[in-house]
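There are structures below to look over.
Note that chain A is present in both complexes that follow, paired respectively with chain B and with chain C.
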Partner chain A sequence: MESQNAHPAAGYSSLKMQDAPASAVDGHSVTKRLQSELMQLMMSNVPGISAFPVSDSNLCQWTGTIAGPEGTPYEGLTYKISMTFPANYPYRAPVIRFVSPMWHPNVDMSGNICLDILKEKWSAIYNVQTILLSLQSLLGEPNNASPLNAQAADQWDNNKAEYKKSLMAHYKDIEELADE
Partner chain B sequence: MKVTIDKWIGVSTWHWNHAQDEVCGICRVAFDGTCPTCKYPGDDCPLIIGECKHAFHMHCLLKWLTTESSKGLCPMCRRRFKTATE
Partner chain C sequence: MMSGQDSEVNQDDTSAGTINPSDYVTEELDDVTILRLTQEIKDHEASKTPLVGELKPISVLLDEYADSTFRAKIKALGGGSTGYRPIRGDGNCAWRAFAFRFFEFAQSYAPDQIAELKSRIMSLTKLLNEAGYNENGYIDFVEETESLFDRLPGLTTETLVSEFNNMEVSSAVIVHFRLLAAAYVKTHAEDYMPFIDDGEGTTIEEYCNRQIEAFAVEADHLALSALVNAVGVADLGVVYMDRSEGEDAVVHTFEPMSASAKERMKIDLLYRPGHYDIFYR
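Let's turn to the complex of A and B:
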């Protein structure tokens, strides 16, 4: 069937390009989008990742966990991250940070992450789940070409035993982390 | 038996021809629903389909294309977004 049937606004259906909500900062649509993501995350229940809003009152601040992938130095460890969603999410990427101290070539000592899909390669079709899965795979596949932590990059390439040692020296169990 | 109709109310359904049960990758709402800024689905909130065959609510795509990070690219395949001409 074609798309032309009448609906309650049929009288106002002339479309003006400039009416497109290009500049509107619509907090309501962010909330809606994040609610649907939360539902989807809870229903799909992907092993190794979790994320949920910090409080009911502010849906733009989430906390998440990532389990280290098997076969990597991070196996068996769980890391806590924070996610802050801008008012124009998903048109702009959320700000993601490791709350757990992290030893990784692409993460600095404050937990800031260098990952292209969170910066210049961001796309509006990405979501919490794809971000968490990308971060998880980043743990096992660092990009050593442009490291934030040069020592970690060096250890990864040349001395995996030292790498694991540094990693464990920095690691904090998720239960020991003070709530932010 | 003879029946006289005093009054009738027409009800119809519609959906876009494009992939009825798919969702818009940007807002994650079904194509038959509206983008988050519109109230009524249908002509007021049309779909837009690119040469790459990727479809979105037009409002969602336009909003994406105005952002700096889009660089004019399709959010799905990162090819330059050009509206498909039929």
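Let's turn to the complex of A and C:
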């Protein structure tokens, strides 16, 4: 349970993150919103997902973890993501990417994610928790119609054993990531 | 776990470790850069048109069109109109136009009428709950609308325009109104399902998610109808300025199915393909 919100600093203190954007405009409201989201996340403590700001001084840059859903090739694995919130969040979606190397039809080799709710279907009623849960279900239910990783999509459809092998070849334990 | 199959696909197997870059998007923009560029595009757009512009005479539109069908319709409109107010085309224009005009009417009301209207709109929060929205998800937007109602008696049309050009105020009210419309659709599924049914199994939930809740997706006919029904105190006339035949623009009127107010606001929008502004009769 090292990746739950109750222990925000554990394992991540040595991470190097990008400086987040200076959000002078509308800064107050986005800060207030993110603080309340953080509070809700900590209160609800949903198993399998966690997220928190990288530092106290910048609420617009978060890091999070997603545990692979049971019954999927990702079961038992934990992935790390970065979340960058724009100054006009929640009216614009945050930019989210996998920091852990990810083998998945809808994630490219840089960790960019193709998920409709983070693009054209973004709604201001989504929040960090709904995003994390959507990403978690995306792991077990890829959209193979428009893959970013065509090879992964092909393996998912035709050869699950190969898929699992590729996935494990790319996987890095979250503790290893923190040491890099 | 090696199997016989592995030797057959050995080449593919080794390539799984060394990814061929051409298969993937490799243009690396870091997240901060992406957000900065997005913001710059937005600022550029903002510099061209305010979210809610000043009231202009209809004849200003004549300068924009060479097409004779359009010009004839604009001229015909000019007769019965005091003007139009341009709204920024950012995918929220119909919502912003409706919300602004709604508050512009309300601003002209006496304080007790404003209070009555406020309590009517605030009472719709129960509709959001009925539709299954989580209070955490909507409360910020509802509170912004409530606070705008509270400031309203002290505002003039001019200062209301400034309020709506504040992205935060404007956006929050739009989200609130979008949620009211979506909640109305969800709680009146039997009325709306026949129009949503596209033969591909689209559900009410998916429709609302894609067409109403999604921020910056333009309102369609159904969304406008749901908004008018949810709000219940305004008729909406949409003046269609398109290339259809005839010298007069077609007007489509939406009236609430169960109107709670006897005297309803008359909100008019001017529709040109892909965009809504506010129309003043």
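Just a few scattered comments:
Following the convention adopted for this analysis, the second predicted complex is superposed on the first by the 152 of 180 C-alpha atoms of A that agree within 3 Å, B and C clash if a C-alpha of one lies under 4 Å from a C-alpha of the other, contacts with A are read in each partner's own complex, and residues count from 1 in each chain.
Going forward, contacts are C-beta pairs under 8 Å (C-beta built on N, C-alpha and C of every residue); 3 or more make two chains touch, one makes a residue touch a chain.
As the structure is a computational prediction, the values presented were derived from the model and not from experiment.
When both complexes are overlaid on chain A, the residue A:92 reaches chain B and chain C alike. In the superposition on chain A, A:43 contacts neither chain B nor chain C.
By the touch criterion defined above, A:145 reaches neither chain B nor chain C.
Of the two partner chains placed by the overlay, only chain C lies in contact with A:109; chain B stays clear of it.
Using the contact criterion defined above for the overlaid structures, shared-chain residue A:29 touches chain B and also reaches chain C. When the two structures are aligned on the shared chain, A:84 is found in touch with chain C, with no touch to chain B.
Legend: residue contacts after superposition of the two complexes on their common chain; A:165 is shown touching chain C, with no touch to chain B.
When the two complexes are overlaid on their common chain A, residue A:122 makes contact with chain B and with chain C alike. On chain A, the surface patch touched by chain B in one complex and by chain C in the other comprises residues 20-21, 26, 29, 33, 40, 88, 91-92, 120, 122-125, 127.
Listed in rising order, the residues of chain A touching chain C in the complex are 18-21, 26, 29, 33, 40, 82, 84, 86-88, 91-92, 95, 97, 108-110, 112, 120-125, 127, 148-151, 159, 161-162, 165-166, 169. Considering their complex, residues 1, 3, 5, 9, 12-13, 15-17, 19, 21, 23-26, 28, 30-32, 34-36, 38-39, 133, 136-138, 140-141, 167-168, 171, 175, 179, 209-210, 213-217 of chain C touch chain A.
If you check the complex, the residues on chain A that touch chain B are 1-10, 12-13, 15, 17, 20-24, 26, 28-29, 32-33, 36-37, 40, 88, 90-93, 120, 122-125, 127.
Interface of chain B with chain A (complex): residues 12-17, 25-29, 35-37, 39-44, 46, 58-60, 62-64, 66-67, 69-70, 75-76, 78.
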